[in-house]
Amino acid sequence: MTPPRLSRAMPVALLAVAAVLPLFFPNEYYLQILTQGYIFAISACGLNVILGLAGQLSLAHAGFFGIGAYTLALLGTKAGVPFWAGLPAGVALSAAMGYGIGSICLRSRGHYFAIFTMAVGLIIHLVIQKWESLTHGHVGVIGVPGPGAIGPVTFDSSAARSYLALGFLALTITAIARLMDSPVGRTLMAVRENEALASAVGLDAMAAKRLAFTISAALAGLAGGLFAGSIGFLGPESSNVEMTFNTLLYVMVGGIGSLTGPVAGTFIVYGLSQVLAVLQQFQMVFFGVALVLLILFMPTGLAGVWRSARAGWGGRVVQRP
Amino acid sequence: MELFAQQVLNGLVTGSVYSLVALGLTLIYGTMHVPNFAHGQLYMLGAYVSYALVTRAGVPYWGALGVSVVALALVGAALERLVFRPLRHTPPLNAMIAALGVMLCLEAVAQNIWGEEFRHMDSPYSGVVSVFGLPVAAHRLVLLVAAAGLMIGLLLFLTRTLAGSAIRATAQSPEGALLVGIDTSRVATATFALSAALAAVAGSLVAPISLVYPSMGALVTLKAFAIVVLGGMGSVPGALVGGYLLAMAESLGGTYVSATYQDLVAFVVLALVFTFKPSGLFREAA
Amino acid sequence: MTLLEVRGLSKSFGGLRAVDDVHFAVETGSIVGIIGPNGAGKTTCFNLVSRALPVTSGRILFDGQDVTALQAHQVARRGLARTFQSTTLFTEASVLDNVMVGYRQRTSAGVWDALLRSRRLAREEQDAQEAGRGILATVGLADLADRTAGSLTQEQQKRLAIAVALVAGPRLLLLDEPSAGINAEQTRDLIALIESIAAGGVTVLLIEHQMQVVMHLCQRIMVLDYGRKIAEGTPDEIRRDPAVLEAYLGHT
């Protein structure tokens, strides 16, 4: 079994680096990118729960991101609900919808599940786009409330917001790590690896997959709410198919099923896309090709490469992906 | 009454397009068990190639369509050889992700070459024809006839020729086909090429009566999946009938129920089917 | 006392009747064997009883309760465990992890326990470890606890599969051809293992092809052919039953 100390070192080190980054880049623009990066990383971690831990390709992910975002945005602009109430509301709604949709979708397997969730994601996106009386359609929502002060701590500056996002990311990773290392996580991985055997030893496969789907929806909703609150305005493109693909790419690059892989993948891909903004229009071409090349030549992502390297150094790594 | 007839006609026209696209998709799914998420982009590229040749190079319409078909057939064959064949024995998840990557890439390529704007393409068949007293755009009639002809040709190919039978057999049961000595690798490449060609025809036929833009394929892909799921993965008659049915539902639903949510029809149907039948309406042949 | 009873059990796959109107009962504390030529429907019976497959008709009663409509994991939680004809394990996980997954149904820690690292979680993890190591010792795999399951030999994997099925303390154990692919000495060890399992209070239902195993271990034997039960009785009775001989000879 992986010695606990080794598997904690990486996230802690990254956290330390991340904590001091704003000091080196006090630039507004970079801080905003950093914040967005943390938020997309949360979403990627969420996708990783259903894709990596449960082994199911959910293409509805952006839909839940959009639900979290729009819940916060609409409650804030139409009902005056502050950020700190709107955010949990968005997460709760995403989770509830994830539970309900998952109960239905997860009865389908493999390809059918992917197609079904693609349809669901598209339905959510189209409803957001076309229900103009509620969501303002293409025009979007402006004036979304940002995070208000908690006691003496305010979140008006970009640096503060980036720390807030980082805090949520750290919480997310901690939560997922604890889940992975528990009977709940092992059940998920057992169901993914051999559902027949898992059922034969008394594990409710449907319940396990639905739990994973709910968690992934909740995390997507959390990311969506943070996204809306940090930028201040919101449009339907937050729930479109491109958002799902980007998230998928982040997870693939980092390594499906690994704990910190999605974070690394997000920063590498999203970071590159921002830094190389000059190639903006070719971005999606690269992303598409990258996804194909990855799946052909490096399907386990960076985490897989890292694991192989460690195993090659004489360590026997029992796969607890 | 005239409105109804118009909508039925629209349904037939759109249905022809949907059926051609769904046919290609169902053949690929049947033979290779790959849900080709990039299928709509092949349709889109087919439209763009025809558009480019007609408006930029002055190539006559049918010639442009022909070139488009050949070009996309090559693209399809290349995709099969380079992307999907290496993934044949990997977990199904991998092929799905690869298809998504291709989808992203092709749409972005189109965007880069031709930009985001909606393009218009003229048909050599302008003007209006009267069919049973109904005014019908000439091109629509041509589309109906051409599509019908192509479908008949395709059916003949699939049932009367050796190559076609090989494809059909593989679509029904890849394992069985192997057992009787069919070269499933060649069938896979041929099927992909054929499927892309069908998509190209569909895109080229519809371009003059619709608009050409990079994301025109995305919605079509999902609708094609709805049709294939309804009609049975790998089933040719299923794709044919399903295409027309869906188009009718959209056309009549859009007119009499709600125009805004017209596109949702396909996805709601899809979601409903899966809700009650998690493995689609028809079980795949074992 | 009857632990398992099957009435009119039938399973059709399209036109093929794999199991045809089978009745049998298994008494608590006994070792019962199911034999028959290949394709007789023995494994299908197991799949029906363990609820891995839906029945076409008939009823299954486990400890007096009708479990026909239950799902596989539900009947497993009531104390029914099984192994599979081709050894099924979580090959990427360690040997110990395999049995700990088998023990999971006995624990109740959930998502919140996991997130908050509750004391219940810690306690149950320890219980699972102990139970896991204990069962590994029983089957003789204690030294291999940290090895990857996929790296074990065939025979070791079979023992691991039995351990995974046993760790949660089932009342009924279904063994599907446990002696397939192992040599004579290992078969003797297997027989001893099954006897000790039964001595520990577990009722055993066994599909077997090796007659020496069946005849030695089982108090009662049932014979299937073409999905139907053609004979039932003690080993001696079965040995002499002409219908049984006919079935086996007629199949060559």
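The first chain written gets the first letter, and so on, giving A, B and C; residue counts start at 1 in each chain.
Rule of thumb we're sticking to: a contact is a pair of C-beta atoms (placed from the backbone, for glycine too) under 8 Å apart; a residue touches a chain by one contact, two chains touch by 3 or more.
Given the structure is predicted, the values throughout are model-derived calculations rather than measurements.
Taking the mean of C-alpha positions as each chain's centre, the chain lying farthest from the centre of chain C is B. Distances from each chain's CA mean to the overall CA mean are smallest for chain A. Centre-to-centre separation of chain A and chain B, using mean CA positions: 33 Å. Centres computed as Cα averages put chain A at a distance of 41 Å from chain C. If each chain is reduced to the centroid of its CA atoms, chain B and chain C end up 49 Å from each other. The set of chain A residues that touch two or more partner chains is empty. Taken together, the chain B residues at the contact with chain A in this complex read 33, 35, 37, 83, 86-87, 90, 92-94, 96-98, 100-109, 111-112, 218, 222, 225-226, 229, 260-261, 263-264, 267-268, 270-271, 274-275, 278-280.
For chain A in complex with chain B, the touching residues are 55, 57, 59, 104-105, 107-112, 114-116, 118-120, 122-123, 126-127, 130, 241-242, 245, 248, 252, 281-285, 287-292, 294-296, 299. Contact residues of chain C toward chain A in the complex are 50, 52, 71-73, 76-77, 81-82, 84, 88-94, 96-97, 100-102, 104-105, 107, 109-111, 113-115, 117, 121, 124-125, 128, 146, 148, 164-165, 168.
For chain A in complex with chain C, the residues that touch the partner chain are 1, 175, 178-179, 181-187, 189-190, 193-194, 196-205, 211, 318-321.
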